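One chain, subunit A, appears in both complexes that follow, with subunit B as partner in the first and subunit C in the second.
Right after this comes the complex of A and B.
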């Protein structure tokens, strides 16, 4: 009776051991980054040991101060001003557009849907110059509008596609029941479908949050003034290939910049995992 | 089925028209750009009309000097210490000129050129722009982008050498920029390493003694390397210095019309490079290349296991920040036996004023102040290597603000300066070809004689393509 039991725990133990070691290997760079925030430059490059021999304690404080003209308070504020509206509008607009595509029949629906999918396949780098010229004509450079306005008009076709797949999995009978109960089409969307869609909305939210938060090239092109820099630019500001950098300060600020995304992910992880798989099954 | 086909055809037609219109937009824009500089050059041309318009500009600026508010954008790249110094210089200038606001747009080198090129294509560039002179050939093709600084009355050119301005700061004879600093070139050495192997850091290596010493060093301790060079700097750090010291000229003809070296010369050079990189005691290229343009992060440098690397004086700060200032010495680049020693030099960076600026008078006054005024020179120090302006340099040396290695490195370059490289040597497409071929040579995936043949063929045909 005991024999199969121990064999079972033995295997479990092995599996866990394997997963823990593998997890640690994967996480090592991140852990290294946290510890390196306390190392001076010469130690940083001379060994891969975790614990600093001569710890530096003020890297968070000095790093936050930055070059002195603007502190990371400004950069964090900027990043939220850039990311939150972008995420909010992306979720609203792509869900409405997806609702239209999945629930209504209208002229040119197929070609339009194919266009949406077509833009999904278009490599982003092709768009750099035309978009820059467009935003320049509109006078939107050096503002966050090049990020926020496209989000309002559901310019990220990936999310539309994902939502359409999700909506298709929801029985139309629900809409019909709601209509019978007196809902108009917008109420069906807002009161019936949105609550069911929560997993998809959350995954769109998390994806867009992390993408926008980490985006370097977009802000690099559209933002000129340092006072409007988001964190991704601020972090690179002091890493010049010809000059010395205080790596511990940069790493300290990198650790801080990881926090919002990590917190968001773990607090809404439940929905996120649902959303990714739910969209995937109904391919 | 038929209906579906028709629809998908309609969609592809739509997509194609979309693409075409995008192309059109791009096309019309480039024509707009080429027209705009043409117009501006027409008004700026050497006619009397241009002179009078300049005069009125000057008098207007003089009368309106301290009352009209002026806002200028100033863009540069650098690290934290350069940012801080430049910001402080801006504050000093604007405190003395309360009507002037200078918006600082600073970042690191990564992405700077791409950003600048995008801004230029949108006509959205800053008023005052820090540049690397190697971008000039690419910039020149975009039209007439920068003010002719010789035509500006408030720029004092007396502190610069005429030939330096002509070689490194001009496009087609027009002075479009001023040098912010002079970069010297040479070995950046780890003193502890040289003491450990009882080598004299003040010796000048010959290309042959370099290999011998490397072998000796590695025999004494197999973990030690005399030299480390990563593959992306092969052109500037090994190939060009080797050719310069052996032949006294560059691999291109001075007018950039063709490859100057013969196939035999190239074969000889490539044979040496293959020998060099298979020497024990020279860090294998594959390992060194993990540290492309960040050699200071190489663990063997931090651990005193690396003798030297070759680099420009402007980068001294990052090397000493890892091993300590007392542990760093500099020296001359390797020479050939009995050859002539010519050491490359270049401006660390140059500064230009955009044609599109609304206040050329103020912008030129500001750059002139930055490069010549004692107070500004003190604030900026050697953040952009030592100042090129001789008066500024003399002032800095007087107050002892130039570190010993930096001044030595610049001095050795200025004493035996190599001629300026031919214009097309810095062209991004040409240097790409050279760099790829040199990597193949160093990794031994091609024989020296084949590489020499390929070098001459592909560089010459690229040059013909560029000049047609």
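Right after this comes the complex of A and C.
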């Protein structure tokens, strides 16, 4: 009786060993980047050891200075000014739209829903040029409006789709009870459904935060003065200017740029993974 | 004028979806039509568009060697990255779905590269790791393997970008995991009682049951792969010798470095058409192979 049991445990151990090794290989570049930021520049290219011989801070201090005229204080502030409104409006608009789709009946609802899905598959690159020209004509270049305004109009249908899936799981009896109690439709949305939707709202928030934070193409097109650069552009610029000589500074700032996303991910990874799965599976 | 309750409600429905509808018209439909119109014009940002018929398309197809080069590069990239990514994702997901303890830890660890992979920070890291005297080559040297010109040889530079893409298999893996969870346990049990081998179970139960997600993953990865930009822009700049000159990079250069808006619009429509055709062929091809539990009524 014991033999198959031990064989089973043995195989489990092997699986774990494999998964851990493979996982470490996967994460090694990131781990290595973090430790490298604490190494002096000459050590970066002389040793393959993970840990710095004696950790130094000056890469962070020097890197933070940025261009001299504009420090990373500016770049971080800019990124938050770009990201936070975008996230806020995305969550508001896409939950309202999803509410409309999942709780009301109206003509052309099905074809419109198909359009929500269809725009998911629409390659964004075909829209880039006219959008740029449009924003140019509106005088929105070199502002964060090209990010914030589309968010107000629920332009990323991924989030609508995700919220619709979530709303579907909430019994309509709740709405009806609230209506009997005298709530109007907006109150039903705000006071009844939103509190229940917290997990979905949360995962939409996290996704939009990290996507917008990491976005490079958008800022590259729409922002051209260094004063307004978000981190992604600042990093790319530092790669051009400080090149080769100061790799540890570039790495240090790269590490810092990943920090907010990392914190967010680890404090809320439950919502994160559930969010991804919810969108695709239940449909 | 008084409306019936149902009519009132349906009107409310329109009000709630109005933001999206407006957004669709202004930020998606209008640009779609506009770019189609621009594609038949010569348009430098400063002037106004001038109608020139099909000549943008003809120039691209006949005289633009860089277009064909970028198309070939992009196809090569997608054909290498997508299958590898899917195989890794599926393989790891299947291992994790065997009620492995600590599954959440593993899932998190494998998912992390997908979160940050598209960022400039990781592109910088990649460039640094794969430099001539970067970490990868120094590790190879320790193992007595001659160093590889990861970024400077036109033969391997694209491979370096493929690695970056495959490294981010986590997002597909998470979807596979969720799909695997939905496969009813009694199917496996019945198969085991009938004495089916593990390989048999994989090919005849697991794979058909998760085929909708499999095709979704492949499709999304292809569509995204065709438009990948950050890697080739930041890591290689399209070089060496245009060996990593992806079509998205060409589009960007034509539009925003040379300010040929009409020409770039035509290019974007060619890219759109390619992606559309692939999507259509893909749907036609897979609808026969994909197994839907309810007989395929919904799609």
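Here, the second predicted complex is superposed on the first by the 230 of 283 C-alpha atoms of A that agree within 3 Å, B and C clash if a C-alpha of one lies under 4 Å from a C-alpha of the other, contacts with A are read in each partner's own complex, and residues count from 1 in each chain.
Heads up, the rule we're going with is that contacts are C-beta pairs under 8 Å (C-beta built on N, C-alpha and C of every residue); 3 or more make two chains touch, one makes a residue touch a chain.
Predicted model only: the values in this text are computed from it and were never measured.
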item	value
Subunit B versus subunit C as contact partner of A:226, first or second or both or neither	first
Touched partner set for A:42, first subunit B, second subunit C, both or neither	first
Partner chain in contact with A:33 - subunit B first, subunit C second, else both or neither	second
First, second, both or neither for A:246, with subunit B first and subunit C second	first
Partner chain in contact with A:115 - subunit B first, subunit C second, else both or neither	both
When both partners are placed on the shared chain, which of subunit B and subunit C touches more of subunit A	C
Subunit B versus subunit C as contact partner of A:141, first or second or both or neither	first
Doubly contacted residues of subunit A, that is, touched by subunit B and again by subunit C	45, 115, 128-130, 132-133, 136, 216-217, 221, 233, 236, 239
Contacting residues of subunit A [partner subunit C, same complex]	12, 15-16, 18-19, 22-23, 26-27, 29-30, 32-33, 45, 48, 93-94, 96-97, 99-101, 103-107, 109, 112, 115-116, 119, 121-134, 136, 150, 152-155, 157, 160, 185, 189, 210, 213-214, 216-217, 221, 231-233, 235-236, 239, 247, 250-251, 254-255, 257-258, 261, 265-266, 269, 272-273, 276-277, 280-281, 283
Residue ranges of subunit A in contact with subunit B within the complex	41-42, 45-47, 66-69, 110-111, 114-115, 118, 128-130, 132-133, 136, 141, 216-217, 220-221, 224-226, 233, 236-246
Contact set on subunit B toward subunit A in their complex	7-8, 10-11, 14-15, 22, 25-26, 29, 73, 75, 77-84, 87, 103-111, 114-115, 118-119, 121-124, 126, 293-294, 296-299, 301-303, 312, 314-315, 317-318, 320-324
Contact set on subunit C toward subunit A in their complex	6, 9-17, 19-24, 26-28, 30-32, 34-35, 38, 45, 92, 95-96, 98, 100-102, 106-113, 115-116, 118-122, 124-129, 133, 135, 138-139, 142, 167, 171, 174-175, 177-179, 182, 213, 216, 219, 223, 226-227, 229-230, 233-234, 248, 251, 255-256, 261, 264-265, 268-269, 271-272, 275, 279, 298
